[in-house]
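Below are two complexes that have subunit A in common, paired first with subunit B and then with subunit C.
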Partner chain A sequence: MFYREAGDFKTSYQDDNQTFPIKFDRYRYYLVLFVAFAVIPFMINDYWANAIFLPFLIYAIAAIGLNILVGYCGQVSLGSGGFMAVGAYAVYKLMTSFPEVNILIHVVLAGGITAIVGVLFGLPSLRIKGFYLAVATLAAQFFLVWLFNRVPWFYNYSASGQISAPERTVFGIPVTGANTDSWASYMVCLVFVTICAIIARNLTRGSMGRRWMAIRDMDIAAEIIGVNPLTAKLSAFAVSSFFIGIAGALFFSVYLGAVEVGEAFGINKSFLVLFMIIIGGLGSIFGSFAGAAFLVLLPVFLKNVLVGTLGWPTDLAAHLEFMIVGGLIIVFLIAEPHGLAQLWRVTKEKLRLWPFPY
Partner chain B sequence: MLDTEQGYVTADGRTIGGVVMDMRNITLRFGGVEAIKNISFDIREGEIRAIIGPNGAGKSSMLNVISGFYVPQEGEVWFRGEPRKPMKPFEVARQGIARTFQNIALFEGMTVLDNVMTGRLTQMKSGLLSQAIWRGAAEREEVENREICEKVIDFLEIQHIRKTPVARLPYGLKKRVELARALASEPKLLLLDEPMAGMNVEEKEDMSRFILSVNDEFGTTIALIEHDMGVVMDLSDRVVVMDYGKKIGDGTPDEVRNNQDVIDAYLGVSHD
Partner chain C sequence: MKKTLITAAVAGMVAAAPAFADLTFTALSYRTGPYAANGIPFADGYQDYFTLLNERDGGIGGEKVNLLECETGYNTEKGVECYESTKGEGALVYQPLSTGITYQLIPKATADGIPVHSMGYGRTSAKNGEVFRSIFNYPANYWDGASVAVKYLLGENGGSLEGKKIALVYHNSAYGKEPIRTLEEAAKKHGFELSLLPVDHPGQEQKSQWLQIRRDRPDYVLMWGWGVMNQVAIQEAVNIRFNMENFIGIWWSGSENDVLPAGDGANGYKALTFHNVGSNFPVFDDIQKHVVATGKAAGAGDQIGTALYNRGLYAAMLAAEAAKTAQGIHGVSAITPAQMRDGMENLVITEEKMASLGLPGFGPSFNVSCQNHGGDGLVAVAQWDASAKSWGLITDFVQSDQDILNPLISEDSAAFAAENNITPGCN
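== the complex of A and B ==
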């Protein structure tokens, strides 16, 4: 009834190209932004920040990054954990080497360093495709984790082999370290997630995105239309790793504060991010958010229900949680193989006709 | 008046210009198989050139040589008066050669409009940063190229499906979208690999009309492969006939029709 493009005439191609061509969508988007920026920071506490919002926002950045590579460019990667580690260690080295530079700049630089590493490990994609490429990126995952474990220079020769984030401030407000307020770390992640999502959306709707999608859908036809597969694939690796690097940097510096590389950025992390985009929807920015929300919120929600409401023992609940999440993933994928984003799309199409479906 | 350097005038009064694409003694082998044996022919500016022949004659291989998929072992490809170095398909595309495929090669996950817009990718050069913020060159370029694509979309009468994902379209429309994508790049030479395969009579008529009006309105040089003899004879200005990798005939449709070798190849002849 409210959700339709009828009467909403576009008179220029600029208007037609915008991200949310339907008015209702646009207002909903502004509302979400408003709530995220102006309401949540005043209500947030440590539990909500650490259990829900920070992991959700950071994984959303990682999922957007991986979605660009897998969902838009069709290059399967299992190296996202390793690339997140690159971002984390890069930001750590930068923070400790140049303490006077703003942490936000360090995070962006860490993304840039990860982009370079990503391009290096993306080189095999010019020769190999599909599952074989996934195996090649798996090598990146194991090699990077090994590297950060074995070379003491990366963790500044600390005895534990861990890295921990020193306190850094933005506008005089601490955003890393022990004295950080939950709203400050939330805001840092929120700003990054918003900018990353907008950049990802702009890239994927323009000529760069078309190059990626052309390579994904049919690489031979893409080449015949004038897409250079070398630059298209490597740019996807670069942009994707840039986002994943930022996610890794935030994960370490703002969220965890101290990490041990094998635990925080192991192969599990690669699979987790991959599951997020598969459940959320390949080739969709919204899907990246939906998938991240699903896999972050669902365990928390189940735990609250099972332990909090039903009063079951914690260990039983923890095991049941695995089973339920696993089961739900299967149910979801059978019901809608194209993920939550597709469910959302179908709902919107139905909404456009509602309440008169003819 | 076929063999003059300056071109010729067709029966329906169109003037055909000089040679655009000149294939000189092309030989293509796959291992021990000779797919193309020492073939030479030319394609002239503004003409509709057909390549016909029975199955396995090497027609598609020939088109693949032109579009850069295959590099011939012997012979030279001359494009616009210069011999062409062996190059990748995307470099060939940047020279202004577009093509369609026998079995449709559209980007199934994208909308019709996006598919047509991919045809403009060789012209879109804005940097990553400009695209990331969607300002300046990127947005301007997007709008300019959109206008060109919309003209093609109008021309091929696919306005109503421009926002539809290609995967949902029926076969005939997909063929048309593929033609639109090739046309969007404003090619100097358009290669069509069986544009009418698997179509019914009406769709064939539509497609023939589009091919003729593309040639007429944009002056595009077209080389096409087709099996429907009636269509080929009606559409094309000159025809190359191939059989078993050899050229057995070359000339206007009438000349080809009366060529004994061609009749033998198509109707069969007893080998004694």
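== the complex of A and C ==
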């Protein structure tokens, strides 16, 4: 009944090639956008923004970025935490050095700086593959965190080595710093998420995405049919790091406001983002969102149920949270190794035939 | 999946909204994660003191205390979630017990008008209340600690540290870096040589640092550690046969958990403290009677009288006294966070007051004022007795070197004020 192509005729190539060719799917997408842009900003409060939506949106950007590298191009990376740190420190240096420039431009520039760093650390991928590459990116993770801790220039010689985001405005409305309204910070992140997702979606279904996927599926075969591994792999590293850098910049400036590199961008962050795309679904933009939602919302939800509703001790709840989240991850991966995105695909298939499956 | 989760989360949160009443205090504690061993006793002490007030006195000034506990796991993101979820319920004061979370909360809590009390941690220059209106760090801060450690060593060496070598082993984070500037100034003033040895989180691997200490043979080692880092450092010091008498930790490196694993080898290890140690105070009898005997003790109830339990208790006592002061100033019993801030700013702790609370001589006497949110910086040195398995104070509470600290505090707070467009002032 739902998601049916029947009766949905296309009369131009443009229509035929759009992102959501099925009418129902397209309207669902518009509805999600409408709710996100026109309903939530009016209802949001500090708790929903800072505890739920900001981390979800920002991790979604990071997950999209890593998904391009791991899911589409097949280059395993454990350096996402380090690349997020590059984005955060880049935006901090830009914000404090050029206070008159708009913060949104700084965030994009921070993404660009991260892309350059990402390409540098992506160079070994031309020679090494698989687990060995993962180890090389792990080196990036540790090196970058060490660098930002070690060189005082990056944190403007502050006594504690913490960086804190000063207040910056967009159209006169503060979006970073303490006096930010929850809707303003939410909107900034939402705009970035939307644009990033649209860019990522279109990159991955264009010729560039096809080159990445060819490399992922079999790099020798891809080389024989004329895909240049150098440009394909490095462009994947660049685009991926660009998104991760934006995520890191927003994570520091809009969401947390003050970070300490070892604590905020440690190896745990790399694993968290990697788990997001594995649970969400490798090689799927929707999967990045689903994985981010799963790993951000579930702990908060469990905490609210166990401590808030049931009134259990906080330490017991925290330990149970680990077990439940861990258990669910295993259950999901056994039941559906291709992640939540595949679950969604299967649901769509089922819904097409519902209520008369054959 | 996403939608069902969100609806379920909504249902959970709607059901979670508790009754609005009483005086709400929050404990952003960590009973899990890498620093749990230190977080648990502090959280127990904090909680038990408020339970005691509820059971024995019926709360503070006739208002029951409602303590909301939220687990942060020493993680900044969880700390944000905890702050946002508790601030809507009228939380009067935040004590996050984490320098990272404190840095996070300083701008947020200031904008929301909720005071933060970072007792012996956090941003040192918050002592300047003209810039940091809602942030308090009485009775002592890291720079006081560093300065008193140097002062103590001066006393040991007949007033001169000329030509001595002092090594600082520190947690490589905002917390551990705090004392460096003070120690550098002190090194200039007193002519000792300072070497810095950072240890990365969580601090289980310190072989190379201690190898360096064995090679350089510093006369004294200072330590700014937390969690497992303390135990490892003390064990490593024992392994290289470093004289424990010459090893001084900050107050966060001075709990039973830190010295017990090293056994007899840790005998003589010293740590700074800004409150007294042990359970020889009348208030502990009340805790036994009203809290432990009635089965209301927090956690496992096995931490009573330990160094960090006492610190949690002290933090709760200072918060309760500030609430009483606020009730006195504003003439209402159900105070708001803004009134709580006034109470903290006018807090006076005297010997008589502590004695009447059953804590005679437990901490230094001090006054808080708008200009000085940090107390007088009175710090004592405690020493570990491995055979008796107890800490004992070996000095009085001595004041830090204000000549070194005051310029540093004005410099750092002025930088913060300039960065955030704050005009310093008391109104």
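The working rule: the second predicted complex is superposed on the first by the 356 of 358 C-alpha atoms of A that agree within 3 Å, B and C clash if a C-alpha of one lies under 4 Å from a C-alpha of the other, contacts with A are read in each partner's own complex, and residues count from 1 in each chain.
Note that in this section a contact is a pair of C-beta atoms (placed from the backbone, for glycine too) under 8 Å apart; a residue touches a chain by one contact, two chains touch by 3 or more.
Because the structure is a prediction, the values reported are computed rather than measured.
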(request) Considering only the touch criterion stated at the top, classify A:F53 as touching first (subunit B), second (subunit C), both, or neither. (result) neither
(message) For A:F148, using the defined touch cut-off, is the partner it touches subunit B, subunit C, both, or neither? Pick first, second, both or neither.
(response) neither
(message) Just to be sure I read the superposition right, which of the two partners does A:V227 touch: subunit B = first, subunit C = second, or both, or neither?
(response) first
(request) Using the superposition on chain A described above, determine whether A:F243 touches subunit B (first), subunit C (second), both, or neither. (result) neither
(message) Give the list of subunit A residues in touch with subunit B in this complex.
(response) 12-14, 17, 199, 202-203, 206-208, 210-211, 213-214, 216-218, 220-229, 235, 239, 283
(message) For the complex, give me every residue of subunit A touching subunit C.
(response) 45-47, 50-52, 55, 149, 158-162, 164, 166-167, 177-179, 255-260, 262-264, 266, 289-290, 293-294, 297-298, 300-301, 303-305, 307-309, 313-315, 317-319, 340, 343-344
(request) Going by the contact rule at the top, pick out the subunit B residues touching subunit A in the complex. (result) 67, 69, 88-90, 92-94, 98-99, 101, 105-110, 114, 117-122, 124, 126, 128, 131-134, 138-139, 141-143, 146-147, 150, 181, 185
(message) List the residues on subunit C that touch subunit A in their complex, please.
(response) 1-2, 5-6, 8-9, 12-13, 15-16, 18, 29, 31-32, 36, 40, 69-71, 73, 75-77, 80-81, 84-85, 87-88, 99-100, 103-104, 106-108, 110-111, 123-124, 172-175, 177-178, 180-181, 198, 200-201, 299, 412, 415, 419-421
